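Letters A, B, C and D mark the chains in the order given here, with residues in each chain numbered from 1 onward.
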Amino acid sequence: MHDIAVIGAGRIGKIHAANANAHPRIRLKYVVDPVADAAQSLASATGASVATLDEVLADSSVAGVVIASSTDTHLDYGLRAIGAGKSVFCEKPIDLDLQKARAAAPALGGDAPLFLGFNRRFDPNFRRLYDRINSGEMGRLETLHIISHDPAPPSIDYVRGSGGMFKDMTIHDFDMARWLLGEEPVDVYAAGATMVDPAIAEAGDIDTAKIILRTASGRICVISNSRRSGYGYDQRIEAFCAKGLLRAGNMVSSTVETWTATGASSDPLQNFFLDRYAQAYREEMTHFAEILGGANPLVGFQDGVAALAIAEAALESHLTAAVLNVAH
Amino acid sequence: MHDIAVIGAGRIGKIHAANANAHPRIRLKYVVDPVADAAQSLASATGASVATLDEVLADSSVAGVVIASSTDTHLDYGLRAIGAGKSVFCEKPIDLDLQKARAAAPALGGDAPLFLGFNRRFDPNFRRLYDRINSGEMGRLETLHIISHDPAPPSIDYVRGSGGMFKDMTIHDFDMARWLLGEEPVDVYAAGATMVDPAIAEAGDIDTAKIILRTASGRICVISNSRRSGYGYDQRIEAFCAKGLLRAGNMVSSTVETWTATGASSDPLQNFFLDRYAQAYREEMTHFAEILGGANPLVGFQDGVAALAIAEAALESHLTAAVLNVAH
Amino acid sequence: MHDIAVIGAGRIGKIHAANANAHPRIRLKYVVDPVADAAQSLASATGASVATLDEVLADSSVAGVVIASSTDTHLDYGLRAIGAGKSVFCEKPIDLDLQKARAAAPALGGDAPLFLGFNRRFDPNFRRLYDRINSGEMGRLETLHIISHDPAPPSIDYVRGSGGMFKDMTIHDFDMARWLLGEEPVDVYAAGATMVDPAIAEAGDIDTAKIILRTASGRICVISNSRRSGYGYDQRIEAFCAKGLLRAGNMVSSTVETWTATGASSDPLQNFFLDRYAQAYREEMTHFAEILGGANPLVGFQDGVAALAIAEAALESHLTAAVLNVAH
Amino acid sequence: MHDIAVIGAGRIGKIHAANANAHPRIRLKYVVDPVADAAQSLASATGASVATLDEVLADSSVAGVVIASSTDTHLDYGLRAIGAGKSVFCEKPIDLDLQKARAAAPALGGDAPLFLGFNRRFDPNFRRLYDRINSGEMGRLETLHIISHDPAPPSIDYVRGSGGMFKDMTIHDFDMARWLLGEEPVDVYAAGATMVDPAIAEAGDIDTAKIILRTASGRICVISNSRRSGYGYDQRIEAFCAKGLLRAGNMVSSTVETWTATGASSDPLQNFFLDRYAQAYREEMTHFAEILGGANPLVGFQDGVAALAIAEAALESHLTAAVLNVAH
């Protein structure tokens, strides 16, 4: 049984706390959050204790920490936890500043047991897609389409602190592209726009983008993003291989169909990312248990830096309307 | 080039006339209809001449006749045309009276070139299903589900002259069952009801039925009928085989889907039997060309009698709420 | 927090024990099983204690018991637990003997807090179907098709002790029919056969059936059963309503599709009932928590008796090849 | 009845000749082809006469000509036919040389009755998509995805004379983009590659591309091309609108599905463009009949020039790996 702490008692911290508790080999010992009420509430619900980060790091019985606090703390807490000998499960993104993130490589890269929470890699459907691609039975993967449209835009406050759509939202798709292609993109063209809400433009961000990545070996990836779909959480991937197409489709809220004079209609798409990726979050905790048991993280610090580098190049491409090299 | 005549200038006669004209090896020479305006109108549209049935049968250049007149004329016209040495393409049903139909067997059964227009056998989807079943790759066909629901009920006048739902509508499904199972049903249970329109009950008919057929070798077939679907023309078949399931689905009016917050919706099902089976009617004419060239009919008089025998047993089963033997 | 005991440490008992433990308002206190190893193993895995049924019933801190032991114990244990003032969550079927079950009505019918585990009522898809039917937006439900095909037949030993396919497998479908139709069937015709394995016939049972039920108000239900599908766990329902069709489809193991020259293929259907109904079992435990808190069971003893009565009539119908009344 | 001539007795000329003959208001009078056997064969099959282009243009009874000859003759024959007062139905592309095409604008642009055969606009599914977009019920069209993958690459000889993939294949997609977006793209980025066959690269062409177009009003369109799908003719469009998504899917060869232990499989996609667009070619001929009756072409010379301009910019973008303006 591995004792762990969850840092951050917000929406995603609660998910990880619940999954930790439900895992047969993990016990949630501490909850850390500067907001005392939030920390206490989550601790009470889970049978854990409230503590400070210092207390957590000083407790030698704590084997790991889950960093689910605000993005600007990820690097700092990660460095401190790794320094204290803990295994780390850190939410994405690793940071919003590529330079700053790269500076942490000596400590967090290499063999450091830091697991970066790119949750989509743990979705059973995308995992199945990855396995099918890598089985080789469909021949070489040639091109890739990633559609990632949110149901509805976040608040403008969220947008302002998000680091921009590429670092906040597309970063998932950059990670999926790297993971599924099995190599790094060498250049990027990002056509961004604000179509959903003028307030997003006023906040200096975009809400819509189409992106083309090219890899050294000549493969091509298209990413489609929107902050608002109008029809639910659209998370689809098409992998065009030499012998055919592999596709991962959307999750529907039920299998019920309604046939009327206007056609056959499914039930709505799953609408909320915590529903859509509920199983992925559970699988992440299972993987963290493996890391606590000595396994290497399947996705780590360098993956976070690589995705961030693509996001920076995409932003520059969008701003200059030019094709840009990705500086790895 | 084979010269033919079409008897009956109504809805289905027009279809056959147009298909005959479009066929490279068939020329429509005559149209016959007691309603002079109807006959003249179809003749003008197709470049054919108006004639009487006697004139058609006396013209040695006429190789075949299409009987698309009212049901009560099918047997009589069929006998006269076969007697005159013509090939015959006769609409279903062969007759509404099993005794009377059986009496025509010496003339119309056996080798007589009479092709009975059970159009569903010529639908490319059901033909494909038939071929898949008979390829043997799915193992033995064990049970069969036939769903056949009309979009909306016909007029009460039509109902009154139809011979009842089993002989008018289900007769298609009885034929499909015989064709796909490759053997005769030995008993039948039909649970009928009037759910759509009380006027249908007043006319002595039903509008809804579920039917179970059993064959000598122990296979079981379920037929589902309704005179009104509310969602289009529902024509589906499921063939449960030892190694898996073969299914033929519905035809949708287009491939366009609409995704909104309430779900993903297809375009409507095809709604009208002349649209749904347009290709089947063309394939029937192609088969008639083969018969005019000397081929044997794929479906003939005895098939019409066998389906009628099942329909009579089904009606009796419905009226007595009992399982009945089918008298072949 | 409600303390409960699970009686029976077999496959289904383990599921209920795990779900009880994961529920925030239920604590698993005891495991009961005559096989000491099985009881101890499940108790160890769940942090519960091993006890006898007498000890459980004598412990006033125990609010409820889950009866997951062999079918022949359901009635006896249910009577004893209700007699001891416990709430009961009893696996289906209530018994294999209709007479014996009816004799327990004075004690277990009425207000007794006995929840009978017809799990399909708690599947989110079928629940959604039920809600859509009962919302009235599609008009009156007229006819119903229930397809329920198992992936592969059970062992012959299981078949011998099962009470026969109608009481073991179709009983779920009889319950679904009653639940969705909202009324009792008045007569039944069951066409059964052995198509999958001759050993099943030698054991006195069947493995395939098509069944027609009719209700007093004239609705018609078709049930299709097979002990072997060849393609996974086929659990579909079609509800034909006055204004259209409501359908609940199968669960696929992932959303991944493979498009090749031979067509577009889904991943396999979910194959195992414990996977297919995993969520339903969790929802059952949630409902048992509501009952422990004072709610009335949504499905109880009388539902078990009613389904058993239909199963007996179906068996007689199959044996006599006749339409039979259902004696409620 | 309008008499017409078909120029070019190759694959597409045969299609247009057959559709002309089947149309109730068009009669095929002449076939023109420099290969005497080809001309004679098509003329015999259709009941037309063989003639030279000069003879056709001099015959005042000829109301229209279908130009289905090689691409390098389109402009010249179009100019001559328009000059002779004929209505023209000209296959795409209008030419491979943008300069040369533009020079013909005074004669062929404006009111000249020249119908350019961008067949996809006449496919009922894409027409339905267009109508749904323009009904406004889904809100403003924001972004567009066009997937257009051929089943298998053409011969290297064909590739050499094709003008390159952008002018030969993508030109259809550029036209679809202009038609569905309702405005011109202002810049283009095309990432092309050779993944299918090195011989295509040796011939100076590519076989794979992903393209991003942006319009003046800020809309974005993605086009995906491949000369080889491995799974049939992949022709899909997704129109992301403010209120939801409109999609047009692929055509399957039948509605038959096969369910086995490995999943549920459709029948293959339609594989050949003449099958996939058979209905579109018929609709084109119907539209040509309207033009012969005085209607204006729905798609004409200027559409051909505009698509060619985008193709030239795309080629330059591919060669320079830069985002380029489209010079309209």
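Note that contacts are C-beta pairs under 8 Å (C-beta built on N, C-alpha and C of every residue); 3 or more make two chains touch, one makes a residue touch a chain.
Because the structure is a prediction, the values reported are computed rather than measured.
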Contact-graph distance - origin chain A, target chain D: 1
Chain of greatest Cα-centre distance to chain D: C
Chain pair with more C-beta contacts, B-D versus C-D: B-D
Euclidean distance of C-alpha centroids - chain B vs chain D, Å: 39
Inter-chain centre distance, chain C versus chain D - centres from mean C-alpha coordinates, in Å: 58
Chain D, residues touching no fewer than two other chains: 230-231, 243-245, 258-261, 267
Residue ranges of chain C in contact with chain B within the complex: 139, 142-143, 145, 149, 187, 189, 191, 193, 195, 208-210, 212, 214, 218-220, 222, 224, 226, 229-231, 234, 240-245, 321-323
Residue numbers on chain D that touch chain C, as the complex places them: 230-232, 252, 258-269
Residue ranges of chain A in contact with chain C within the complex: 22, 124-125, 128-129, 132, 138, 243-251, 254-261, 267
